[in-house]
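Chain IDs A, B and C follow the sequence of writing; residue 1 opens each chain.
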Amino acid sequence: MSSTTYDVTTWTIPGSATTAETDIGAVINSIIADIKAQQSSQQSKPGAVISIPPGDYALKTRVVIDVSYLRIQGAGHGFTSSSIRYNAGDTTNWHEIWPGGSRIRVENTDGAAEAILIHRDGDPRLSSIELADFCLDGVSFMPDENSYRNGKIGIRSTTATDSMRISGLGLVYLERGIVVVDADALQITNNMLCECGSCVELVGSGQASMVNDNLIGAGPWGFSIFAEHHFGLIVAGNNIFPRGASSIHLKDAANNVISANRLHSFFSGMITMEGACDRNLVSANHFLRNPESFPVFQDVPHPQDDLFGLVHVRGSGNTVVSNHFSFEVSSVSVQPAGATPTLVLVASGTHNYIATNHHAADVPVHAVVLDSSTIDTKVLDCGTAAEFAAFPGATFGFRPTP
Amino acid sequence: MSSTTYDVTTWTIPGSATTAETDIGAVINSIIADIKAQQSSQQSKPGAVISIPPGDYALKTRVVIDVSYLRIQGAGHGFTSSSIRYNAGDTTNWHEIWPGGSRIRVENTDGAAEAILIHRDGDPRLSSIELADFCLDGVSFMPDENSYRNGKIGIRSTTATDSMRISGLGLVYLERGIVVVDADALQITNNMLCECGSCVELVGSGQASMVNDNLIGAGPWGFSIFAEHHFGLIVAGNNIFPRGASSIHLKDAANNVISANRLHSFFSGMITMEGACDRNLVSANHFLRNPESFPVFQDVPHPQDDLFGLVHVRGSGNTVVSNHFSFEVSSVSVQPAGATPTLVLVASGTHNYIATNHHAADVPVHAVVLDSSTIDTKVLDCGTAAEFAAFPGATFGFRPTP
Amino acid sequence: MSSTTYDVTTWTIPGSATTAETDIGAVINSIIADIKAQQSSQQSKPGAVISIPPGDYALKTRVVIDVSYLRIQGAGHGFTSSSIRYNAGDTTNWHEIWPGGSRIRVENTDGAAEAILIHRDGDPRLSSIELADFCLDGVSFMPDENSYRNGKIGIRSTTATDSMRISGLGLVYLERGIVVVDADALQITNNMLCECGSCVELVGSGQASMVNDNLIGAGPWGFSIFAEHHFGLIVAGNNIFPRGASSIHLKDAANNVISANRLHSFFSGMITMEGACDRNLVSANHFLRNPESFPVFQDVPHPQDDLFGLVHVRGSGNTVVSNHFSFEVSSVSVQPAGATPTLVLVASGTHNYIATNHHAADVPVHAVVLDSSTIDTKVLDCGTAAEFAAFPGATFGFRPTP
């Protein structure tokens, strides 16, 4: 085996009886210490790959990644629905009850919230960290397994990174799945990120990143995908399930693209723009809003009412074109009662463009609503005149679907 | 090597001389039996990874996967065109004549049709099975290598699954490539699925699945991608070649999305909706219909004539926007003779929306045709008035391209 | 270890002291010779996998791949920004200064330009070569590290290939990253291809290929993605950064699709069609054009002026719909001075269709301009009448945004 190839099941922490089964975090930290010892010259620090074979591993100590070019690689994303299991009643006859694959149970005893922390001060930014094909399992939500709360974070970076790649992971029952600050050229693809409070949070700032081809679904109080002050983000080809409070949430984010996704939610605000979100494109996406079907969550208060918009535009110069909206909610469930639900709300800004979106709805809806503060919005071929509403003061160009 | 890591070339079936070369199916089944013996506690069943190094392996016995979290992983999709080879005449001087990589020759002698069967009764559903980076080769089509018929199935599940992942495979010369019943959160990505009778069939029902970024092409009597009673499927980023009877076929399927694909076919019905297909989105796709160029298949009867529509809409509330259609067929080849070919046929339903599609055609075409039964279709900016046809009784809004 | 599984760090070249560290090219060529010796029968040539663990490897001798089904696989794409580093001044306190992962330093002493050459005469075409998860580093640009010139090519094929797959690579500081002739069913996905003169060049001809989900950015004199005489190419889900002379460049290419990408450039010509480019689709993409922010490149002459169009259409029957354009250039920077910048220029051809594109611009722009030679272009809902310009002789249908 190459000196840059490690296996958590064969690594021995010097002077310790800890194993990957008892604390994979301590084992990985010991490996990282070895990498740093082996690669002490600035001239050659190629990093290493740490393999995690399929198995059940406890993580008691947070992993701290402070070297570039580290790949941690499992051999199975191992997702199964813990939500179904915990709410299934008697499971004594079930074949299995836990997630699997290269499964890391996040059970920190070190006081840290994170399973994996990525952090390094100084220059350059950490580059090309790769996390692939393993499972981070938060195991349990307090107190009833349905809260989406346990304080656990799967992966968190707290200093800027370049060209990080997160792929093939399975995340389940974490309060926060992935939290990345100041990302540049981050790639999050082909992951299964479900039954976490929030799934992907790109915080602080970011640029030129990619969240493509994932299966994602957060809890009703969290974000499936959140991006703050991000510029040049692409979100494409994802299948975003319920039950996130939003599906994609942009905050003060400009020049991003959301194309060719499938979004399904139990709430309005499926795409929420918060603050000043300018010049973003939302195109060729399918939106389905219908009611929660899982009894245990049917009483969850909606984070926003049906006037908020399935797409909530706040900012200027945004483009919302060629999308489909299915609104499958009976009139008695609409909030506030008696309201006409809104599909696209332009809540602020100038020069937004909403065109060629089609909808199918169980109740009369407003395809587009313009706040009174909005200026020069264009609304084209999105429905009839009766399906369009502009508050007094709004200026716009409108063409009804013939 | 970890106890959860197996290699088909080093595994010995107790009391048997069978090897991976002589029957990889028997070897994998023996490994699965070992996994079950090793992981007998409901509390910990993380599964395993079975590696298939590059090599030529016969499969005489069907693999039966009845454990979750099993990854079977090769090191090469190994596709080559058997169709070209079989029709090439003398190949004695060819460098190689067969597919390769981690190549499994599907040569069942056990009476089963499948190379790999996924089946388990009881709870929970099988989860997180991963099949990656190997080749399933059906070797031959009867009787002349061009029938796309040999009764062989690559991968078939007959009970519901959750979060299965199929990636990086090469499938060739199977009558049916992948047949999955009742899929939930299935991911089929980055595969090379060609020269199979049918490639991907999602049958029974399904939800929240993904077929993205594949290279796919079925035979003239089969499906490239078929989805039945599926809800929340995304089909994005695929390159779908000929010569399937259809490129994407939905049956009684609602709320799915087909975006950002490239489709090429020798027949109409490139996207076919059968039964009641409601509230689906078809956006940002490129369609090319031209004639079969490979002499051996030029006499294949067309599965449907040119009035069927390149996109055949049957159902309500569907959205077909921002697509491009190239129709490169000479007038003498149009079927029925003398007909004006149809690009989008709305065959049934209410409230469908067809807008902002452009076409380039070698003959006069109807960009959109409405059946007499259709109600309230919208047809906007898809061509001239002469390129639009509505049978008596149809109701619609129409705006010609200026 | 299987006989088809090789590791560059353990392979010994017969009679030579050369190692992977001193010349990984010679080592891989020796392995390929062994594969050919081991697999001499036409009946069974499954190929092999060659692993490259993380490490720093010099390549002095060009790798020549002339066998099908070869996978060369690393364990880390290893990108870091050499451009930032070389222009950073004193880096003595930096943690590391070079790319990493499975890093191959391209330092040919054999007179060849390529790190990896793919070439075989005779039949069939080379099939299913897979290159994954390693780094090709050109190390240095002459003379000042900012020229994007060093004569080095990462991967080049000079004979036709089928079903090649290039994924997960990191390419940096090569004059040309990937150059593939006559590709069929080529898949280039999930790569990090940056700081190369040109990144992806599909030359000669090609069909049915895919460039999806990559992070790409070329130098100011090169191509991020170039495709010549290509037919049936899909370019989807990519994040294409500056600073390429173009982002996507088609030459004499028909029936291709560019959907759901994010494109950012410092120049016009982001999508350039050269020669006769017919019946292509450009849909659901986000375009951002703004000024170069990195001081060292701010004086680079623009390859074309702002009248060239962010999208430059040359050919017939093309469709440009549902895109967003952000033009964030101050009036003093517009070239030629005083000009009104063009977003979409239809430079030639008949029957092109430009619809439902929206823009946000810092200066007055022409959303669409038609050359006098153009015939029957349709321009719908792309802006006001003042934002549209047609040279005398052009014929068109035009509808301003209401």
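Everything below uses one rule, namely that contacts are C-beta pairs under 8 Å (C-beta built on N, C-alpha and C of every residue); 3 or more make two chains touch, one makes a residue touch a chain.
No experiment lies behind these values; they were computed from the predicted model shown.
Chemist: Give me the C-alpha superposition rotation for chain A onto chain B, in degrees, nearest 5.
Modeler: About 120 degrees, rounded to the nearest 5.
Chemist: Quick one: compare the interface residues of chain A with those of chain C and tell me same or different, with half as the dividing line.
Modeler: Different: fewer than half of the residue numbers at the chain A-chain C interface appear in both copies.
Chemist: Averaging over Cα atoms per chain, report the distance between chain A and chain C in Å.
Modeler: Here chain A and chain C have centroids separated by 28 Å.
Chemist: Residues of chain A touching 2+ other chains?
Modeler: In chain A, residues 213, 236-237, 259-260, 283-284, 321-322, 356 touch at least two other chains, as defined above.
Chemist: Spell out the part of chain B that touches chain C in their complex, as residue ranges.
Modeler: So the residues of chain B in touch with chain C come to 7, 9-10, 53-56, 75-81, 84-85, 88, 91-103, 168, 170, 190, 192, 194, 213, 215, 236-239, 241, 259-262, 264, 283-286, 288, 321-324, 326, 356, 358, 360, 381, 401-402.
Chemist: Across the complex, what residues on chain B touch chain A?
Modeler: Touch residues, chain B against chain A: 2, 4-5, 42-49, 67-69, 71, 73, 120, 122-124, 127-128, 130, 162-163, 165, 167, 185, 187, 189, 208-210, 212-213, 232-234, 236-237, 255-257, 259-260, 278-281, 283-284, 316-317, 319, 321-322, 351, 353, 355-356, 378, 380, 397-399.
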